[in-house]
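The data blocks that follow each hold one structure.
Same chain, two partners: chain A is paired with chain B first, then with chain C.
So, the complex of A and B:
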């Protein structure tokens, strides 16, 4: 290997989110949009705060309830969920679309809601952590996280659970390695992932997918 | 199944987090709320010539713009230093002022220059771009080794040296070095880290003009201390006029101990504009302005005699404390570092000198382990280097120098007295768990695949639950280090516990309830925990330094003992017996030798409906408090062994196996303890392989996002094997030692020792953190070109 190749490998290694993460978590629309603008979601977030353009009202079906609110032309989906719909279970842990604290399902696909415009999700069915189970009747994946101590401070947890549900629905017999690779777009600072991996395995079994 | 001490019961707090019902500071909103955005310095070091806020003030939606002049005009002070040490020359620690909005000068990229408060965050951000700051740039001071001869940062800090401190006996140590048959020398660097709790810091400040009082919701590990510092020291208002609440907090790891400029500015400004103010950091701001961790350079000299026994240790350290002295910055490299230099070894002479330096980088303070990881890293790296030099297996060399188990209590040469410990069984167990004896087979098998496999050991000790207050005070602490607990029994026997500790992931609601369940025999479901609100909780010191259980848990036991004592008196009265004959077991008060008994709930009812009650001798009600000031630190210890594989083609280090065997004393909830160990190891692996906060020579932080600062992710880590030994702590009622920091303390040297071991066939004997693929690949290339020459 030449030094150049190694440098390239190194860059890919440390910046692997750019490749792995986007392909894992951005929808086709998101990718197209970002590519067309050749910019990151960080720019989007920044612009969102700067921009003033009003899109008017949009409607999203969040957790089975239609939510209609005024948005800016650059309001992010995560801000729509947290601020307009008041569903604060979805968290924001970064400004570069890398931590996964904001993962929700849009039309059945897991999406980093900080990397999608609210307007792009207009008319979609969105499921957030509040929409998958209740404290009386947890979703099997939520149950598995509790039973396997898959959370500590709880901040990464909503995004982690939403990612995990999609991961195991796509690959019901995911190995430890596949689970670790699949959760690569969700950062947890507390658990060291050991118990998250255990939770996801147990969740897959419980879900009987 | 028992729900008491020792049971791995599931966490009571989980459901709210799992269903999205956690309530973190940024989740809370108030009507009429405004949003703050801080204008930060984009240069490392400069005089502020002028700040023009006119355009920003006139921008749409802007409510107010404030600068350091406004803060100074109101006489608002900066955050204070919680710990200072005397210098070698007898002078005190230099404590320069730390204004919450820069006054005349900025000292790091991210320093707070002005605050813009507007109706929406978008408006505040837009207007912030209109604040015009004219800087007269000064040279940045980034390099630690040349900091003393670089540009002056504070006029109060000559040679950019906050303190020059020493501990131990220099003469006897130098004598040992002179008489040694071998002196092992090593320089190690402890890379700078950013704690990166996943919840960014946030604040919601409100002022009530009727009661003339403030309420601050903030991301704090110790809200009561925050209240004391802001009210009494910064604002000089009656402490009762400020309520500080730390609701759910998404991780801290040390970074949320201190009072930060943003929360103080928002609180101050909430009165000026008489409206609530919300501020939430984005991740870049967190990177720039959260207190960073580590950043040491240690020069180590270890003296050995003919039998390879250690006879002396000298460590000269310089550490980077950044642009201002953060609250506990001084204690971290001194009393949390110098005092740990004996490790688990019997070392007859130790001396250390530590210079705490100012640079134009973010303030540096405690990060998970705080001082103890740095001590462990330098010591465990040196132990391996020494074993290599004398040709011994690193585990055998360690055994030879362990403090023997019959030597406890053991007085070290650096102030601490270890109460209990037994280090050989920990090492035995960890070696068994990882199958140490067959390692060479695995190394050869890997070599056939073209991979370099290595194994690395770290045997550590830490000192947790800093105490007693009187000793901490004598060593320079300006705070006490006790903890408070109250137990309120309701008339029907349900219980609320109030603690001065704060849970931000540690699971106190469960662990503390288990203690109550064990002691009072009540179901876990009947016990609730209230923490984190200065209006509800007694004064307490919060959570850091693995202290919650060892200090806060012990305080809870004291309060529970008072509850039991009073209950016995009530029971004796009800059953017409003498108090001495009342026995309390599993929730029942019984009279010895009779079949008379009363359930705990009946006693509670009698206390609150005191119709048949010993009023002459006892007050009604059942509610007790206790403050507990420990007699000593606690000393968790352990052995961690890492196994790695290095791919010579890419330099990637893969952690393939991990065995940890720790002694935390008694375990209250083994499931939670194990989770703490996992998290700590992951952070240690992050430090050893991935993470590094890097400033360029102009003082720009190049690693200010998750694009550049490599956080450990699920696919960077293995699963961990975790085991325990137990020598209960002798001086708290629970026999517990603390487990929160162990993993982060033990793991970095285990990894680096393993990497060096893997590369030892190439003649490589050194590797710095983080051992990134590029660095490892280069080391391999260099070794091969040396071999070729």
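So, the complex of A and C:
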């Protein structure tokens, strides 16, 4: 192994340790440091991914409407949704594949849109939180979250709801344990899991799946 | 993320051509490891060759072996009727990877090519005497993994599928990291006519490894009791903020006991 390789592997390994265990790190100075890292990586992402090099048109069908935008090949799906299509219901919580705030459905399958390129979804049907209901006519799962206090600040909610819809459509009688396991990829910073689980159960009944 | 080019060929041969035309191209499978790496600017490939259109996702029972295409997503392996029937331990392993969204995207080939020391699949590849089929050769599991994040794969080599030998009996037990679900320690035990194989992931500084002492103890008596007198050395085991090497050594024995129980 060359020194370069050793360094790269070390970086990869520490990167994973840091990101997957963010919660263990978030104390005092480390928290501030990570926040500053996060901020700068976001700035960089927006500077670099949209409108830079290798431009080409990417078309996605988002919530039934074809959206075609000229973006760089390195544009993340979440940026295409939020920045190009202007649909800001899909959130970015961690940007490191941990929190699930960015979950959308691509061809009926739930994915973390911060860990997928828009180009990988080209030609697909994408459904975001805006596509499942409106403020006047909520989706049954949204209604269930509202009625069961399944949200506090609401930041994790779009992702929770999108994950929950897939979960109950695969397993209509999901037990509490199955719901908790099924929402493994969604983190609620307000830690309202008790009512989230209740909401998902109620949502499954309402959806009549 | 640095600027890069994206292509999505329709066959392995086109993918190989595409990667050869790039200076530092990378194959993109599920992207669950590669995209976060790119976002952190830890790699700057001049192009990404998405292999999801290369029809590498079939799963077939081939008599002595079970062959799984490299692009098979974790969710497909977990839910496959064939895998569940032929090697249920493999379906269970896939079901335990990360979370639903990671399983919806992540692939067998990506996991094995990446050879993360805490990944689950490498232990199955090693314990189930698997053969890794690439575009130009077939590699035995023992020769495939060469160290942490290291494999025998060449730069422009693509894993097409992996054949797993069918065991009499197999089980995978992991002690998941509570935050990521990666294996803090994972043990894959497989019983064959000619002996037992025990592969350990999550623990070795050099990545996945076989534990020969436990293999011979279990080959003569396949029971948790036969492991009693075995002392697992902590030398060469990972020590980090989650667990010391001594703790991991203890987990190796405990997970193996549970796997054979």
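Some points to look at:
FYI, the second predicted complex is superposed on the first by the 154 of 209 C-alpha atoms of A that agree within 3 Å, B and C clash if a C-alpha of one lies under 4 Å from a C-alpha of the other, contacts with A are read in each partner's own complex, and residues count from 1 in each chain.
What we mean here is this: a residue touches a chain if its C-beta (ideal position, glycine included) is under 8 Å from a C-beta of that chain, and two chains touch if they have at least 3 such contacts.
Predicted model only: the values in this text are computed from it and were never measured.
Using the contact criterion defined above for the overlaid structures, shared-chain residue A:135 touches chain B, although it does not reach chain C. In the superposed model, A:184 lies in contact with both chain B and chain C. Counting residues of chain A touched by each partner, chain B versus chain C, the larger count belongs to B. In the superposition on chain A, no contact is made by A:201 with either chain B or chain C. In the superposed model, A:96 lies in contact with both chain B and chain C. With both structures placed on the common chain, the touch criterion links A:115 to chain C but leaves chain B unconnected. The intersection of chain A residues touching chain B with those touching chain C, taken from the two complexes, comprises 1, 9, 13, 15, 17, 45, 48-49, 52, 72, 95-96, 98, 184, 186.
Those residues of chain A that touch chain B in the complex are listed here as 1, 6-7, 9-10, 13-15, 17-18, 42, 45, 48-52, 72, 82, 87-96, 98-99, 101, 128-130, 133-135, 138, 142, 145-147, 149, 151-158, 161, 176-177, 179-181, 183-184, 186-197.
The residues of chain B lying in touch with chain A in their complex are 10-11, 13-24, 26-27, 121-122, 125-126, 129, 196-200, 248-251, 253, 282-284, 504-507, 649-652, 671-672, 674-675, 678-683, 690, 705-708, 710-715, 717, 719-720, 743, 772-774, 777. The touching residues of chain C, when paired with chain A in their complex, are 1-6, 8, 28, 31-32, 35-43, 48, 50, 52, 98-102, 104-105, 116-118, 147-150, 177, 179-182, 240-242. Touching chain C in their complex are the following residues of chain A: 1, 8-9, 11-13, 15-17, 19-24, 41, 44-45, 48-49, 52-54, 72-74, 76, 95-98, 100, 103, 109-112, 115-117, 119-120, 163, 166-167, 182, 184-186.
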